[in-house]
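Next come the structures, one after another.
You will see two complexes here that share chain A, one where it goes with chain B and one where it goes with chain C.
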Partner chain A sequence: MLFSSLVFLFTFLPITLLVYYLVPRKVKNVVLLIASLIFYAWGEPVYIFLMLISILFNYFCGMDIALKAGRKSQVHSLIFTIVVNLFILGFFKYYGFIVTNLNAILPFYIPYRKLELPIGISFYTFQTLSYIIDVYRGNVDVQVNLIDFGTYVTMFPQLIAGPIVQYADVERQLRERKESLTKFGYGAWFFVMGLAKKVLLANTIGSIYENIAAMDGMSVVTAWLGCLAYTFQIYFDFSGYSDMAVGLGKMFGFEFMQNFNYPYISKSVTEFWRRWHISLGSWFREYVYIPLGGNRVTVPRHLLNLLIVWFLTGLWHGASWNFVAWGLFYGVILITEKYFTGKILAKLPGAVQTIYTMILVMLGWVLFFSPTLGSALTWIGNMFGQGATGFMDSQALYLIMRNWLFWVAGIIGSTPFMHLLGKRLVFDEERPHTVLAGCLMTGLFVLCVAYLVTESYNPFLYFRF
Partner chain B sequence: MTKKKGEFTVLRNIRAGMVVILLIYIGLIFQSKGDSDTPFADVQKAVVDAADDKNMTLAGTQEIKRFYGINPKDYEDITLYYTNETMGVNELLLVKTKDENEAEAVEEAAEQRKKTQLDNFEGYGAEQVKLLDASIIKTKGTYVLFVISPKAETVEKAFTKSLK
Partner chain C sequence: MVERKNNKQKNRTKHFLPGGKKQIQAVCAFLFLGALILSCGVNLMHKDRQMSEKEMRMLAQKPEISLSGIASGRFMEQYEEYVSDQFAGRDTWVRLKTFADSVAGRTEEGGVFKGKDHYLMEDVAVADENDLKENLDAMKNFKERYPDIKMHMMLIPNAANVMEDKLPAFAVTANQSRQISRVKAELGDSYDWIDAEKVLDAHKDEAIYYHTDHHWTSLGAWYAFQGAKTQLGLDKSEEIKMKAYAVSDSFNGTLSAKSGYETDYKEPIYIYLPKSADAPQVAVNYVEEQKKSASMYDSSKLDERDQYSVFFGGNHAMIDIQSTQTEKRRLLVFKDSYANCFLPLLAPYYREIVVIDPRYYTGKLSSVMSDKQFDDVLFLYNANTFFEDRMLAGVLDEN
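Let's turn to the complex of A and B:
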């Protein structure tokens, strides 16, 4: 079930909200848990059992680790728990990738059965690992209430596409959150804005990308336009979904962290990764980079730490060498900015810094969207004239002129302009325009529903993680 | 001390039990009724009924080779329905491969067919392009489905359901 589907908007969400607000405080987490399990089982009836096994396993392991505080055996329990969690993630996500690569080098063939990827496994496994490690470190109390723990793992607002919620951030909210009309209102606003980003912008711009990707040959400008279209699609798709998750969280009384902070206005790739998929970056920093020593080590070790983190970041995104290449691409750029070009970059005009960043980010997206490394290199080649049908052709002009509104909307939507305008005109703290906000929200929502009813193209790119 | 030791033992046993359950679950996933076990005729009927398009014709070997560049003899079973209409793009391809690893080649052939049709209609066939964009390629086990139809999602659901 997608947030941007009619069954979610008009059936699942209204019923869940109604039941949630009718039941007493003590039962609210039960409602959330059951609703989340239904939400997940709707699309993945087989893999619901895998999630239940993961919940029970981590619940008991958490208790075991907490009980062994101060003992040597505690670290053994931690290692055992981490290994099993990584086995679950590794097996269901990377088994085919590992076997395919082994078959390419071994003198004999290993037959394998292709498994469907359990939706959201990367997200909920990282959440359970966050809990286990925080219990071990003593940062949080062990959760003895199975319902509360299950709610944390399965919460449908962020179950299948994040943001990755670290247990320490929601521990108190599982017990003591406060719902309010204001919070609900802001949540609804976030949700509708996210829905609009996804349905009106991402889906439409995404179909531009799909058309370009289907072309046999392309000019330099067409190649850049295709890359730009994907750049916009993935941002509005993922950030839109994250906004919806944050909005839904607010509607149920939770405060989740923002996952995106206008990454396309960044002035360096380092800054980009502080603004893009913030929860993932935080997770890797907290649970991989810092335990490896972070930057408080020798320079060679620091370089290795960065490369390990970015190798894993790439691999987390998908079981394919081009994702690994994408991760290492960023690792190398970040190292370069940290040790060589950072100070020079900071002295350049802001616009130049942003253009530099966006060119690198867009090249990174080519690695991300290409099915193979070979096709990625071909596309990048086209972007710089290698193998292109020319610099510019009628196709490119047609793509620019026909879709000018979406290019403009994509650029404006990538900046804080609309947010600041909204804050000034609608959400001014001294003079909030409630009626205007309500009309805008309703209008946007109706537009999104109209689009969902008439259009059939409604993918979600980050679903495969 | 004894009480704590007892709790350790209980938790250790529970953890071990959960790992055993996980391994059994993985075994069951592999053992589960293979998609390959469903008769081709049943899957074909399900998807053709779901498409419900009276204007589609059953293709022969020549059409399959011409449109998709694949040889039906290389696969265990294959069926293709294509539209009679001059400006139509509706198609339904259903393939049962001999081995799950062959599915990728069929998917690539379907992608190429989609690309060719998009090139054919780009610029003047807005409805056709829309249908092509919304087309679905789905693989389950040894079965591959490619459908271009206003009812593509319905056909996909029928395909998935028939292989359960």
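Let's turn to the complex of A and C:
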């Protein structure tokens, strides 16, 4: 089920909230678990069994690892659990990719059927791995309550698109958390803002991108506009979804980490990755980069560590070479910034730093959105005049003029401007503008509903991962 | 500072609402819950509708629950469609959305341009190369199979092409004229090309297209008919004088329904009737429906949303129009809905016209061809439908 759907907003959410707040504390997690399973089954009726198996498996493995604490066999249990989890992920997500590539090099043909990707599998596998590894490390207590563990894995606010909540961060919240009217309201505000980002900005700007992507030839400006449209779409789509997740979490008393922190104002690519999909970055740092030795190793080893992490980050996003290319693209840039250009960059004017960052990020998105590496190179070629139908044409002008409001909204929405303005005008501690806030939230919500009722275009990008 | 804050909060606890940021949060909580409860309540009481007059389509109904439906996910899909279609106040929501879009400066909605002077125009369709080639090959083969029958092709340009100057500012469409010329060149000499584009271009400042509908008006059809007369060989017959009569002044067409633009715009529909009572009389046989009528018009459609259906009551797989015309001329027409207001102009000139709409026709064409001795075949399509058509080749190739 999507948050940005009428069934979620006006059937699932009200019923879940009602039951959740009616039942006593002890049963609240049961309600959340059942609701989450229904939420998942709505979009993936068959893969719900895969998820149940995954929960049971990791629940028992967690206990096994905890019981073997201090013994040598503990590490074997850990490796076994990790391998099985990665095997499941690999089988459903990468099987087709691996076989196609093998078929390309092997002298014989391996037949295969492409499997439908279970929604959210990349997210929940990483969550269970964080639990398993932290139990092994002794960072968290083993979870003996199956309901609580199931709730952690399936929790519907962040189930299908993150943030990737590490078990250590919610361990206590699973047992004791506080719901309150003000927290609920804060969550509702977050949720509606996220919904507006997704429905009003991401969907509309996304249709501009779709339009351009379907074109045969394009001018230089059109190629950049298409790339810019996607840049906005993926940010508002994904960060909007994360905002909705955080907001929903608050409604049920949880505090999740913020997943985005205005990534498009970054002054270097290194900074960009501290602000973009923060929960994924911290997961890789915690469970891959640091175990590999991080930066406390020799320089060649450090370079290798970085490349491994970025290869995996790319691959995590999808079973295709252009995601790998996209990941390695960032790996190389980050290494360059770390060892060569970082210091020079810091001396440049701020605007230049941001423009430099955004150009690289946008080129990265071309690798990301293109179906194949070849088409990505064609598009990038178009952006620099190679194969383009001229620098500027009436099509590009139309795209700019017809959608000018969305371009402006995209730029403003990518900066903290609205946030600061709201803090100043609405959320003033001395004189809160309650009426204004209420009107703003209700207005945006009503507008979102209007778009949802009439929508013809409501895809969700991060479903692919 | 901290103390002061605490004091303030203490003071405020006496009130119903907390102060500062918390006040806003509490209000947001009530508003959000209120919105959910309100919409749930209204939707629970809202009765399901069979169809939407405004959008001119059947609405999804509550799906039946079944284990296999749930396992395959079909039930969920249908249920989501159902909720969205039956959402209370749907028409108002659509209005709100288009209003918001127009405030945002968008002049295109669902492939419909909001043009100047209240003109709504369908975007120009671009042909799928394979489908187009298949259709044109089928047409050429068809001509080869019946070399003695004269075949005419009349491809009617769409409003966005003819009235380009009425498109919204900066809007660009694919080049339809070029696509039409390509068809003409492809068909070559085997077909008699009736140039509707030239005729309509000459009258582009008149009301030859509806403002809110994707069809041409009867006036547009009338001009095209005048231009086609010679090529169809009708100039040799005695001219049948006709006059336009308004049958409606409250038409609001499908483009308006599709886009939500200009939903209050009303326009007239005209029909052309022979001036003289001595003109040939016609009888219409709706073959598949097994229904006969003495009129080419269905005035009951004027009370419905899609008033353009007044012509023949809409589209039919096959219509047989016979007239008291004594000249022995038989015409076969392959057509889309653009022909519906064109056929009444032709009818009195022919003894019999068989009309086939390939989008609905499933019968055997060869038996029709051998039953009747046709003198002429006319393909009459508007360019958008023709370039998106995937049915014509199938009907023509049948043997």
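The rule is short, and it goes like this: the second predicted complex is superposed on the first by the 465 of 465 C-alpha atoms of A that agree within 3 Å, B and C clash if a C-alpha of one lies under 4 Å from a C-alpha of the other, contacts with A are read in each partner's own complex, and residues count from 1 in each chain.
The definition used in the following text is that contacts are C-beta pairs under 8 Å (C-beta built on N, C-alpha and C of every residue); 3 or more make two chains touch, one makes a residue touch a chain.
What you see is a predicted model, and the numbers here were worked out from it, not measured in a lab.
Visitor: State whether chain B and chain C clash or fit side by side on chain A once the two structures are superposed.
Guide: When both complexes are placed onto chain A, chain B and chain C end up clashing with one another.
Visitor: Counting only touches as set out at the top, which of chain B and chain C does A:298 meet: first, second, both, neither?
Guide: A:298 sits against neither chain B nor chain C.
Visitor: Looking at the overlay, does A:46 come into contact with chain B only (first), chain C only (second), both, or neither?
Guide: Both partners, chain B and chain C.
Visitor: If you stack the two complexes on chain A, which partner ends up touching A:183: first (chain B), second (chain C), both, or neither?
Guide: Once the two structures are laid over each other on A, A:183 reaches chain C alone.
Visitor: For A:398 in the superposed arrangement: first (chain B), second (chain C), both or neither?
Guide: In the superposed model, A:398 contacts both chain B and chain C.
Visitor: Which chain, chain B or chain C, is in touch with more residues of chain A?
Guide: Between chain B and chain C, the winner on chain A residue contacts is C.
Visitor: Is there a shared patch on chain A that both chain B and chain C touch, and which residues make it up?
Guide: Touching chain B and chain C on chain A: residues 46, 398, 456.
Visitor: Any idea which chain B residues touch chain A in the complex?
Guide: 4, 7-8, 11-12, 14-15, 18-19, 21-22, 25-26, 29-30, 32, 100, 103, 114-115, 118-119, 122-123, 129-130, 133-134, 139, 141, 152-153
Visitor: Could you list, by residue number, the parts of chain A that touch chain C in their complex?
Guide: Residues 5-7, 9-11, 13-14, 17, 42-46, 181-186, 188-189, 191-192, 204, 394-395, 397-398, 401-406, 426-427, 429-430, 432-434, 437-438, 441-442, 445-447, 449-456.
Visitor: What residues on chain C touch chain A, complex-wise?
Guide: Contacts found on chain C: 17-33, 35-37, 39-40, 43, 70-73, 76, 79-80, 83-84, 87, 90, 93-94, 96-97, 100, 104-108, 110, 168-172, 260.
Visitor: Within their complex, state which residues of chain A touch chain B.
Guide: Residues 46, 49-50, 53, 56-57, 60-61, 63-64, 67-68, 73, 80, 84, 88, 91, 113-115, 207, 210-211, 214-216, 398, 456-457 of chain A touch chain B in their complex.
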